[in-house]
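Chain lettering (A, B, C, D and E) follows the sequence in which the chains are written, and residue indices restart at 1 in each chain.
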Amino acid sequence: DDETITVGFATAQSGAMQAYDKPADEAAMIRIEEINAAGGLLGKQIQVVTADTKSDRAEGAKAGLSVLDQGADLVIVSCDYDFGAPAALAAQDAGIVSFFSCAESVKAGIQGVGPLSFSGSVLAPVQGAAMAEWAFKEKDAKTFYKLLDTWTVYNKGICDGFDWMMPKLEEQGAKLVGEDTFKNEDASIAAQITRIKALPEEPDAIMLCTMMPGGVSAVKQLRAAGINSMILNGSGMDGSYWLSAVPDLSNFYIPVQASIYGDDPNPDVKKFNEAYKAKTGADPSSQYVYPGYVAVDVWSKAVERAGTTEAEAVVAELEKMKDEPTLFGPRTFTSELHHQANARYLVVNVDKGKPGVVGEWTLSEPVPMEAILK
Amino acid sequence: MTLLSLTDVSVRYGRLTAVRGVSFSVAENEILFVTGPNGAGKSSLMRAIAGVTHCAAGKITLDGRDITAEKPENIARMGFSMVPEGREVFGSLTVEENLMVGTGMHGGAKRGRIADELASVYDTFPILKERRNGQAGLLSGGQQQMLVIGRALMTQPRLIAIDEPSLGLAPNITDQVYERLIALRAERGLTLLIVEQSSTRAVMVGGRMLLMRGGQIVLDGDARALGNSEAIQAAYFGYEDH
Amino acid sequence: MSHLSAETVSVAFAGLTALSAVDLQIQPGRISGLIGPNGAGKTTLVNVLTGFQSPTEGAVKLDGASLAGLKPHQVRRKGIARTFQGGRLFRDLAVVDNLEVTGVGLGMSRRAAVAEAEAMLEWMGIGVLGDRIAGTLPYTDERRVAIGRALMGRPSYILLDEPAAGMSGPEAAELSALIRRIAHDLGCGVLLIEHNVGLVLGLCEHVVVLDSGAIIEEGAPAAIRNSEKVRHAYMGTAADTEPPVEALEVAQ
Amino acid sequence: MLQILFDALSLGSLYALGALGIALIFGVMRLVNFAHGDVIAFSVFALLWPSTDALAIVFAGQLPWYLLIPFVLIVGALLSVLCEIVVYRRFRHASPATMMIASFALGFVIRYFLLMLFTSRPKSISLLPALGQPVEIFGARLPLLQLITIVATICILLALTLFLRRTRFGLEMRAAAENFSMARMLGVRANNVIMGAFAISGALAGAIALIFGSQTGTLDIQMGASVMLMAFIATVIGGLGSLPGAVLAGFLLGAASVVMQVFLPIDARPFRDAFVYGAVILVLLFSPQGLISARGTKERV
Amino acid sequence: MTAASPTMSAQAVPPSAVAEHKPARFALARKTIMTPILLSLLLVAIAVLTYLTGSRPFNQTVIDVFVRVTLVVGLYIFIGNSGVLSFGHIAFTCLGGYAAAWLTINPIMKASALPGLPQFILDLRLPYWQSAVIAAIFAGVAALILGKVLMRLSGIAASIATFAVLAMINTIYANWDSVTGGTSSVVGIPIIRTIWPYLIGAIIAIFLAWAHAISRSGLALRAARDEPTAAAASGVDIPRERLVAFVVSGAVMGLGGALTAHSVGVVTPDTFYLGLTFITLSMLVVGGMGSLSGAVIGVVLLSALIQILRWMEAGISIAETTIALPKGVQEIALGVIMIVILALRPSGLLGNREVTLFQRKRNR
């Protein structure tokens, strides 16, 4: 209608995905409230409608259709591609722009939904590649070991990025000394550990492409077995809530878009964190809060620039964005990719159980399409 | 003295009434035969007394205590032992384990008595002794029948109810079963409640006989006196509807 | 002449010889009896004849051809039917359907099977039971239905394992008449296992007595009745007191 | 080689322990207790205060080990008994399929109850950290915890088997399992006996929860599911109702998994489970009664 | 109840003579056809109502219901008739869903996402209804091959073996990246948002199930379910009859898989795993495992229940105040209600009965 602009959330408000969707939703809400407080978008207030996907794919499609029926001009869908896609596809069908709040698969965009779909986060391969390059360049890691949890596309994506980066590093003297796989739900990775122990020399770095909860178990078992190599991860392992499982964990590195630990170089991030706490009563639990904010942020900018919420115009404006600054790093969208093939990452290290920012890294070149689409 | 008494007991399966308003009582140390044609409701009646089938109406007392809605295990613990129709052996247990299942209710204190009882069951059915460590489910039909009767005796009941003891038993074994039961009646004052389809055995053994038909008791009297009387023939062959 | 025979059949279960070198022959149209104490191996012999149990030694032959290796359903398709010591009806199916299953199992169409099933029930005199669900039948009717089920498709042989167990005298008499008709009207070879001695002796032309897996006596009923060996191993008082079933049959 | 053996044993013992709990209840009630996995999750989540925060708020988790272990075992046993009283008791005469679905629905209820209290985000906790120490045996390295698990599994198996074979309780339990109403007619207090079985099974669930929790450091609402599934398979291929069979099969499954992980080429490793399940099918085809077929599973004609 | 006592008057004709009086052709079909017709009418009524409301989310809900009906009826064909609880049927749904994806995705997308597919499939692009038919056949053929091996097993061993099949297919589909896209979703499947194709799919499943149930094979299998020993003694080749049911139900599950794919537009191996297995099994058992009507009504009732609980969770306005259940209560309530239904009716809502207009009477 003419009086308001409507943002629809077709995300999980209950069930298994809720723990991941809710923080991103809250962050998006913070941005919406900021916009409304500053006079709205195109002079109109933003109104919010929601529908629960119940962490179920079929329900996802219904939730998407439901917010569309309520007149959504933008549909925010679930954090994970698999769970968000049904709603995003419904939006695509209806000619409405959709944003995955924090999906990191290339499919969360043109490739998996269509030209009206975007993601607020960064591609998983960027994380794997960035960590490998950073460890090699900044930490002097020479020998690498790859341990992949085959459970999700996200995990595989991190390792794809690593695989793309590795040959470049090998030209410069690094070496991949071994690789193995496991499954997130494996109760024990003893066999995988034995294989690492059998190496003539402990690798400098282990690229661990995994996520919660199996990731914690893997880290715990690696350390318990006396393997002290630096462990490189994707952003999925960010957050301090699980650190009590591995007391005194050290030498453990994660890329993040911004820090939840109160030590972000950008003071505005700290302000956001306070606003988040004020709103929800808790600190952000991981960096996956932030992309929800980014999604609303870049979309609203595109709307302002286009002067309309009309999908075609908004998408055109979004695709013009090149290193568009946001609170959580620059964003670039093109007509091929509605996702980030490069990003500025902060590197968090966990030292004796205390996480903190130890560096910043941007890939020397964006991850090319072939590596992303692998 | 009356040991068991039933007043207006009915049993229903959905719309079908299998037992309708049956009343009788069993005195201590009595032998009571319940006979009647196929489908008369004899087994249903037994199961109702044992507490495994719900009584739709009526009242059952054992030893003066109302057991109409009592749990089967408590009825058994009052000294009522039931051998249901169709050999319900615990197929996966050994023969001896089967015999021991029911002996727990005496608190385990009377080990000696249990051993004696076991010896006497083995005495009656030597084949069970031979197969004592074999799996009960692999016994032949008749052997299983011996086992369930032996198992009921192992609980040292005051009243034993047997639904068709001769089912599947060789004639000479049937004789032995009856001999043993009658001996126990004399020795221990055991009360016998026996379901048999045919009245032949009742006539042979003597005692009181109830004749059921269509869920009701149609004759009640001394077995020998009733014998092969007209009344019995009529009861078996009559086709009147009910 | 056609016949079904067990030739020196032995069966051993772990540590137990259930049958040792048993020979037995059944012929169409004739009623043979098989009696013996509990655990003698009667059911085991039926199992061997119908493919449920493979003999450790010896063979089962139909008209001289060995049936070794055939599965139970294949044996049934060769015309050898049986009943079980427990009724084993298809409890959830109607009585007609119980019979129909055999028809279908033998390859009839359902139409043909229904027609034959109903005819069979009629023929046995239990047509009224057709619509009852088999699970609710009383014990004795179960037996009759089981026999009807076995008779579908006109088998050449039928092996009855204690069909009269739990039947009263008059009911046994009716059964006896039925078995006679099965042999005479249908030309079926019948093997009858029973502990109702009166029934067996009154009905069978030839009686085999099994004890501990071996044949201890065989011959005409009169000879069996008078055999001291059989009386000792098996009969007890029954030999004296049970009224012969024919008498009851006549009495009706 | 020895290392592989230990790796196999340590994974296998977890499955074996799970299989014991499942096999016990299956033996008693012909019930495939799908709620077992959720009892596992519940008994360890009882160590935390309900909260939807990402950070775990430890409640009983700080107890010293000699209180903590009984606490978890008792929680498991109590919940399991409660399930039996509230739910399974009403299904005494139901078909196995019905009971299975009922147990599944019950598990569903427990799971969503936990989800409501704790959210789906896994919680981390440092449980019995002392058990993380590696020990060396014959040059092979093995965390103390796994050594304890292996030994405990074998002890529990022996104790349970003896208990069921030698005591009256065991006899009555097996009798009630096979024919509930007949056992009652013989004076067996069948309900109590079955409750006892559930208590043991629940305590076993608690034990798994502890081991799993200390091994992974992570409490996940789904954590029981995969162990439960493997345990269930182990129960069947071990020979239904046979406790030694279940344990043996549990160890074998663990071993198969580890051996495949070690010897499959890297490209085939993600397909590991397909090979393991293929092996399961083969075992079933060759011995449908299971590896150690329990007495009584054979039925004569 | 001695009405059954035989009369000796039946010295009648031997059975063979009477066998001439066969029932009329299709008598059995005519007698039982009311069941599938009534069930289909129920679904048609639901579809028409949905069409009239015009709500898109509700439309999608009903599409889901129809897909579930197809799946649960598919399960019923095997489980209901054979009594063997299969945990593996969703594997055929998986095969069907992916087959539909392979056949309908735009070839350009396919070439990049699923390069391992054979060339002729890569080039192919079929309309959804053709792909659904092929998906069903594909799943049926897979069931034939697997069933040949598995149908020798019975009881719980068979259940586990079928589960192992599911787990194997899941593992393969989750990792054979070049053909299935691995764990990542396969996208680009045309989404069909009209209700009618799903209605037709469900009705086809219902009629197939009915036809199988009244067939010779269906009868023999039901007999073997209760008494395998006696069935063998009646000449029934149990593994073969099981195989027939397995193949028919596998094909229906495959059809259901294709419908699932077209209703959501993406498939992942995960969609076709334990979650779906249990929800469909639950619906079957709650409805009544032994009856086709139970299968259909179980789905409709449980789905309706779920939907009502969802509305309550989302909040319903009564007299100006909105009452909403706390999030997550829906699942708990559903579980509790299922337990209560099963406790009250252990053989499911319908047990073994079928819905018909007339009392079941034999025409004699």
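Operating definition for what follows: a residue touches a chain if its C-beta (ideal position, glycine included) is under 8 Å from a C-beta of that chain, and two chains touch if they have at least 3 such contacts.
Worth saying up front: this structure is predicted, and the values here are computed from it rather than measured.
Chemist: Counting hops between chains that touch, how far apart are chain A and chain B?
Modeler: Minimum step count, chain A to chain B: 2.
Chemist: Quick check on the contact graph: shortest path length from chain A to chain C, in steps?
Modeler: The least step count works out to 2.
Chemist: Please identify which chain has its centre, taken as the mean of its CA atoms, farthest from the centre of chain C.
Modeler: The chain farthest from chain C, judged by C-alpha centres, is A.
Chemist: Using the touch rule from the top, work out which pair, B-C or C-E, shares more C-beta pairs.
Modeler: C-E
Chemist: Counting only Cα atoms for the centres, state how far chain A is from chain D in Å.
Modeler: Chain centroid spacing, chain A to chain D, equals 36 Å.
Chemist: So the centre of each chain is just the mean of its C-alpha atoms; given that, what is the distance between chain A and chain E in Å?
Modeler: 39
Chemist: Could you tell me the distance, in whole angstrom, between the mean C-alpha positions of chain B and chain E?
Modeler: Whole-Å distance between the two chain centres: 48.
Chemist: Using mean CA coordinates as chain centres, what's the gap between chain D and chain E in Å?
Modeler: Computed from C-alpha means, the inter-chain centre distance equals 31 Å.
Chemist: Counting only residues that touch at least 2 other chains, which ones in chain C make the list?
Modeler: Answer for chain C, listing residues that touch two or more other chains: 43, 52, 84, 138, 141.
Chemist: Any chance you could list the residues of chain E touching two or more other chains?
Modeler: Each of 1, 3-4, 174-175, 229, 327-328, 331 in chain E touches at least two other chains.
Chemist: For chain B, which residues are shared contacts with two or more other chains?
Modeler: 16, 37-39, 138
Chemist: Hey, which residues of chain E end up touching chain A in the complex?
Modeler: My answer: residues 55-57, 59-61, 64, 112, 174-175, 182-185, 187, 191, 193, 263-266, 268, 270-271, 310, 313-314, 327-328, 330-331.
Chemist: Can you name the residues of chain E that touch chain C in the complex?
Modeler: Residues in contact with chain C: 1, 3-4, 6-23, 25, 27-28, 214-216, 219-220, 222-223, 225-227, 229-238, 290, 352, 360-362, 364.
Chemist: Can you name the residues of chain D that touch chain E in the complex?
Modeler: The contact residues of chain D facing chain E are 32, 87, 90-91, 93-98, 100-102, 104-106, 108-109, 112-113, 115-116, 225, 232-233, 236-237, 240, 270-274, 277-278, 280-281, 284-285, 288-290, 301.
Chemist: Could you list, by residue number, the parts of chain E that touch chain D in their complex?
Modeler: Chain E residues touching chain D: 79, 85, 149-150, 152-154, 156-157, 159-161, 163-165, 167-168, 171-172, 174-175, 229, 274, 278, 281-282, 285-286, 289, 326-329, 331-332, 334-336, 338-339, 342-343, 346-348.
Chemist: Once bound in the complex, which stretches of chain B touch chain D?
Modeler: It comes out as residues 50-52, 71-73, 76-77, 81-82, 84, 88, 90-94, 97-98, 100-102, 104-105, 108, 135, 137-138, 151-152, 155.
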